[in-house]
Amino acid sequence: MTILYQIPGDISAGPLGSGELLRRLGLLRGWAAAGTTVEIADTPGGPFSIESAAEEAMCVAPTLDALARRTSQPDAVIVGCFGDPGLAALRETLDCPVIGPFEASMHLGAQLGNRVGVVTVVDGVIPVLDRLARAMGETLNYAGAVAVNVNVLDLRAHSATLADTIIDAGRALVRERRADVLVLGCMSMAFLGMAEAIGDRCGVPILNPARVALKTAEAMAALGVRQSRRTYPRPAKPLRLGVKEHV
Amino acid sequence: MTILYQIPGDISAGPLGSGELLRRLGLLRGWAAAGTTVEIADTPGGPFSIESAAEEAMCVAPTLDALARRTSQPDAVIVGCFGDPGLAALRETLDCPVIGPFEASMHLGAQLGNRVGVVTVVDGVIPVLDRLARAMGETLNYAGAVAVNVNVLDLRAHSATLADTIIDAGRALVRERRADVLVLGCMSMAFLGMAEAIGDRCGVPILNPARVALKTAEAMAALGVRQSRRTYPRPAKPLRLGVKEHV
Amino acid sequence: MTILYQIPGDISAGPLGSGELLRRLGLLRGWAAAGTTVEIADTPGGPFSIESAAEEAMCVAPTLDALARRTSQPDAVIVGCFGDPGLAALRETLDCPVIGPFEASMHLGAQLGNRVGVVTVVDGVIPVLDRLARAMGETLNYAGAVAVNVNVLDLRAHSATLADTIIDAGRALVRERRADVLVLGCMSMAFLGMAEAIGDRCGVPILNPARVALKTAEAMAALGVRQSRRTYPRPAKPLRLGVKEHV
Amino acid sequence: MTILYQIPGDISAGPLGSGELLRRLGLLRGWAAAGTTVEIADTPGGPFSIESAAEEAMCVAPTLDALARRTSQPDAVIVGCFGDPGLAALRETLDCPVIGPFEASMHLGAQLGNRVGVVTVVDGVIPVLDRLARAMGETLNYAGAVAVNVNVLDLRAHSATLADTIIDAGRALVRERRADVLVLGCMSMAFLGMAEAIGDRCGVPILNPARVALKTAEAMAALGVRQSRRTYPRPAKPLRLGVKEHV
Amino acid sequence: MTILYQIPGDISAGPLGSGELLRRLGLLRGWAAAGTTVEIADTPGGPFSIESAAEEAMCVAPTLDALARRTSQPDAVIVGCFGDPGLAALRETLDCPVIGPFEASMHLGAQLGNRVGVVTVVDGVIPVLDRLARAMGETLNYAGAVAVNVNVLDLRAHSATLADTIIDAGRALVRERRADVLVLGCMSMAFLGMAEAIGDRCGVPILNPARVALKTAEAMAALGVRQSRRTYPRPAKPLRLGVKEHV
Amino acid sequence: MTILYQIPGDISAGPLGSGELLRRLGLLRGWAAAGTTVEIADTPGGPFSIESAAEEAMCVAPTLDALARRTSQPDAVIVGCFGDPGLAALRETLDCPVIGPFEASMHLGAQLGNRVGVVTVVDGVIPVLDRLARAMGETLNYAGAVAVNVNVLDLRAHSATLADTIIDAGRALVRERRADVLVLGCMSMAFLGMAEAIGDRCGVPILNPARVALKTAEAMAALGVRQSRRTYPRPAKPLRLGVKEHV
């Protein structure tokens, strides 16, 4: 089975560069089950990083465009951003299951404890996640999010202290918001190995959303299921992909 | 005060053409209060019509781009599509209030009756509205949506029978889903004068979302309020607007 | 259009006297749109101020009575008390839209941020507002209320420090209850200009419920909509208004 | 222990007359436990019957007035109307527990089955009950209400067929709204012995709200508990009871 | 009427011994109404105390077994453990009403204030109660639980300080979780007279769940109601009671 | 990795016999990923089939007992009954993740569509599932359950017509309860290959809960996560397993 990890941002064109793509692919392959082929792609024209509702919205059209240009179709697609941008749009347009890391982590985390909290990058992402949790119907299982207030592109520069900062935030979620399970709320945190570094130092399980999304993708592909066409019908007319609006 | 009605689709480039823009502007001006200047714009590169989650997502980047190119800023912006695409993104990036017709209609309708139902164009839009109602926190006040199953671009061709079709759908919402108030769930329906044509033939108030959005925009501009920066903070870095991804 | 601001208390007979009515009318007229005529009335036999569930309930019969005695009907009626006393009763008996300041502020505030908090006068009002927010179906959008614990009739005597007290309460709502938007939870606070005095000193928008109610009334009257008769049917038999029970 | 059954309407002055009071008292005494003294009173100046939000609101002031005139205080008070009018107001002003028949029936019914439905008199009462169920926090346990559409004062004239009409409505609630338990949603129905006449003919338990309220009152009085002063604080200033507004 | 208080644990075989059964019976008889006969039984093979989900589950089979061996049937059965173990199972298999102390206390407490909090024994019980409150549909009325972290079998040894410890926990619930009413969340606390010892020292009513369950049982028996067979149908085949699995 | 599929019923002692165990094991092994070892066990002393709340409760003690007797511990345990009996109890007592088929199917299904409906065996199971869905916090995502009203032990005898019966029930869920995704609500249905036989004949995805549970177990084991000890703490004292109550 082939799983495509589609990053909706334009990592290759940004400060991290295409080497970061290969680094992440290596990690994903290490996490994959026997028999799973992982591919990775980023999205030309997408944001360099995604940490606002505006960037979440802006990355969808180029992602749909990038996916439409592929010649081979994977067995499942993971949206490589924790805010699950474009999840419904991709489900409408693709014939394979599409996995959102936040959605997948909430649903797996809710099987580990009553309330799932999120440690994310910046305060600005929190209201986006709060409304997503509502839209998912997960208000009772969602303990809320707290931010470490380090921008995505600065995470590496803070890597020496990042785990401790996340632990402080996670413990606050446990103590003040009664979280029973934690999720790292940013894929860049996930690929820096933070969940593994933290282990049980918050006293509760801490989920790596990249790995949860990968396992969910493998599960869906193995089950041979995909999204309901009642919730995610195919668009009735062709999408205007790749339109150059300002010539 | 100046209210901008920003259509996130590319009406000028589509079958309706730019004459439709002027026609809608005329209606909006007729509905506006004394002292309100209404402007209208559509979105180059946007979809010809918006009737899927994919099209809702794809219109946001060009809308942000179109708004960024304006030289004068209005006192309020209305997102001219019933699915409120890009509402959070626009609120983050603009300094004036931004109004979504669905959100505004739900909140006004909930002041007229216990349960608000929506008559929309096609079945595919219903799950999008259902999840928006959840995200708004309006599950108790939302009676659900039913579709007349006429595509947006075909509405005019069905105009002779459209009112009766909507009335049947609306009555079904009242009878089976216990709706107390109805909203037309498509701006093209709204600009065809359907709410006014139907009047009280469904036995409950029926809201024209274009007019509700306009009155809400006037109210917000008059109050001098705008979105909370806690929910809609300004993005921390410049957006990659107008990027040509495929050169 | 004519908007009636009906105070359900008996201000003229109380310590503030009828001068206060005229003062409030002046403010309302200053806030009104061009073309709006505002009238004001208070309610003989109503409470001097309304700051308990008992007073909320007691004011309704005299309000219905006062409204029944009017010879001309307005285009919209605002219930001039933040607890929205008698809102359903008035909607049943009147043929024009009836606006409740709390309800209108919650619904407008929810379009400005995810969670709306209320700064009100006394602790005793909080459980009343809490249950109203439930009845409105707004539990997700409602961040709760805190009180400054100054009685309504003492607000003026505290006017020198009132803004600072409200700011402290508002900031606590933001910090501890995660409010993104604030509403002044008392019409006397509203008419003391507190929202305007505070501005953005709480870091989030703060709504003046009198002005929000007025703009909502103008919007409804302009739209030509009124309450659904399914939710608010006309009472089947005449009300026993003005009965003297203890002669 | 003494339980006061306080009818918020003016039955003595209405078509049923004071004989109806004595008849109901007799039934209540028959239902009471050994050691319980039941008293009954109606409310001068209240409505003849209560079947709208307006009448619910109008009865509260005269009820507070009637209760304030009593010289001896009971151990518990039952509000003798299914819509629980003035429940919060009475709880604030009295030092004994106050029981609402709808509230008590919902809470007892929810211990008998997952979803509780209500068969009530007229359609106009349904939205009032719907919002009360929300305010109680009982939206999951509440299956909704249906009406037999017989006015309260006409119930006796329909007594020959009333049971069958209620059974039809109750079965519809079971079949279409998945009610597991039924409650008679009108005290006049309750005192006509309808629950007892129907027995298990709807296939689910059917509760007589007068008897449930009485048993709840006995339970609360025996427990020595009364309302929390945090939810129902005593009003800070004297109520303006018995004011003659139009002399 | 006969009420059976069935303890699902094996108190007689545990450290408290059968004398504790008699002591509790004495208290229950003191709390019972005139005309109520209380019987008590514990459950051979059940846990010595119940303070985990595992012990809640393990006690049900022996409880069903113990009840099946009885020769006379009571008019109501109280499950003598605050976590309401086996409530649905007993309702299915018995023909009389079955009362759970947590469920009964939540439903009575919600008639005394907006939010009901629980002071329980150990942290491990809290997630069990949290999920029960969800299953009851009481998430809005439930303020959460806090534990004094004394094991059930050690409560007596801490009796000198227990009341003060509970008061501290209760005040924290009021202050931090906005509880308006408290319930003792353990039957052993209830039978140590803690609610009575504490009285109004937390500033809100505090309910003894044993007494609430008893009064609810008396009410249901007096009303002649029992569980709906739609929610709690009789099992279609005989239960395998008393099977010796490892001979 | 080793996954234990623990059937909480006593299949070997019942009419299906131990051959059924081996048959199911064969299917599970066919569904398992490369590298997964599946083991199967049933529960001596458990019910022959589980189709009531009573049987759900009665199977837990023998299941805990059976698991305690194992000498080797698996990497994950699946509770082999759709009602997830004893899920919390097993999570408390085991150190590996424990998967409930209903819970896992709801959480996976909610990633495929907005509303998940269940086709189950008998009406008596529906209220149990309804309350589980509440306890999971999944009321918005749960479309309800319908039953084919064939007892578990009779399913095989109906195998010729079973698929058609399930399809009728499933279509009713889609049409009347707006289900977007279906789950077979009984493990015996699952092991009769019903989901695979039905395919897309209901127009929406239909999940086999045995396969979903297996994939979820593989995912959790691969992730190295297990239940939070805050939600599922280890019981503080040894469980009284294998007690012979009636010697």
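Quick notes on this structure:
In this document, chain identifiers A, B, C, D, E and F correspond to the written order of the chains, with residue numbering beginning at 1 in each.
Operating definition for what follows: contacts are C-beta pairs under 8 Å (C-beta built on N, C-alpha and C of every residue); 3 or more make two chains touch, one makes a residue touch a chain.
All values derive from a computational prediction rather than experimental measurement.
Between chain B and chain D, the least number of touching-chain steps is 1. Equivalent interface to D-E within the set B-D, A-B or B-C: B-C (over half of contact pairs identical by residue number). Counting the residue numbers used at the interface between chain B and chain C, over half appear in both copies, so the two copies meet with largely the same residues. Note on chain placement: the centre of chain C and the centre of chain D lie 29 Å apart, centres being C-alpha means.
Rounded to a whole number, the gap between the C-alpha centres of chain A and chain C is 44 angstrom. Touching of two or more other chains is recorded for residues 113-114, 127, 131, 134, 136-137, 139-140, 180, 230-232 of chain E. In summary, the structure contains touching chain pairs A-B, A-C, A-E, A-F, B-C, B-D, B-F, C-D, C-E, D-E, D-F, E-F.
Within the complex formed with chain B, the residues of chain D that make contact are 127, 130-131, 134, 139, 144. Interface of chain C with chain D (complex): residues 10, 44-49, 51-58, 60-62, 64-65, 85-86, 88-93, 122-124, 127-128, 131-132, 134-137, 151, 230-233, 235-237, 239-246.
In the complex of the two chains, the chain B residues touching chain D come out as 113-114, 140, 178, 180. Contact residues of chain B toward chain C in the complex are 31, 33-35, 97, 99-100, 103-104, 107-108, 110-115, 136-141, 174, 180-181, 203-205, 207-208, 211-212, 215-216, 218-220, 222-223, 225-232.
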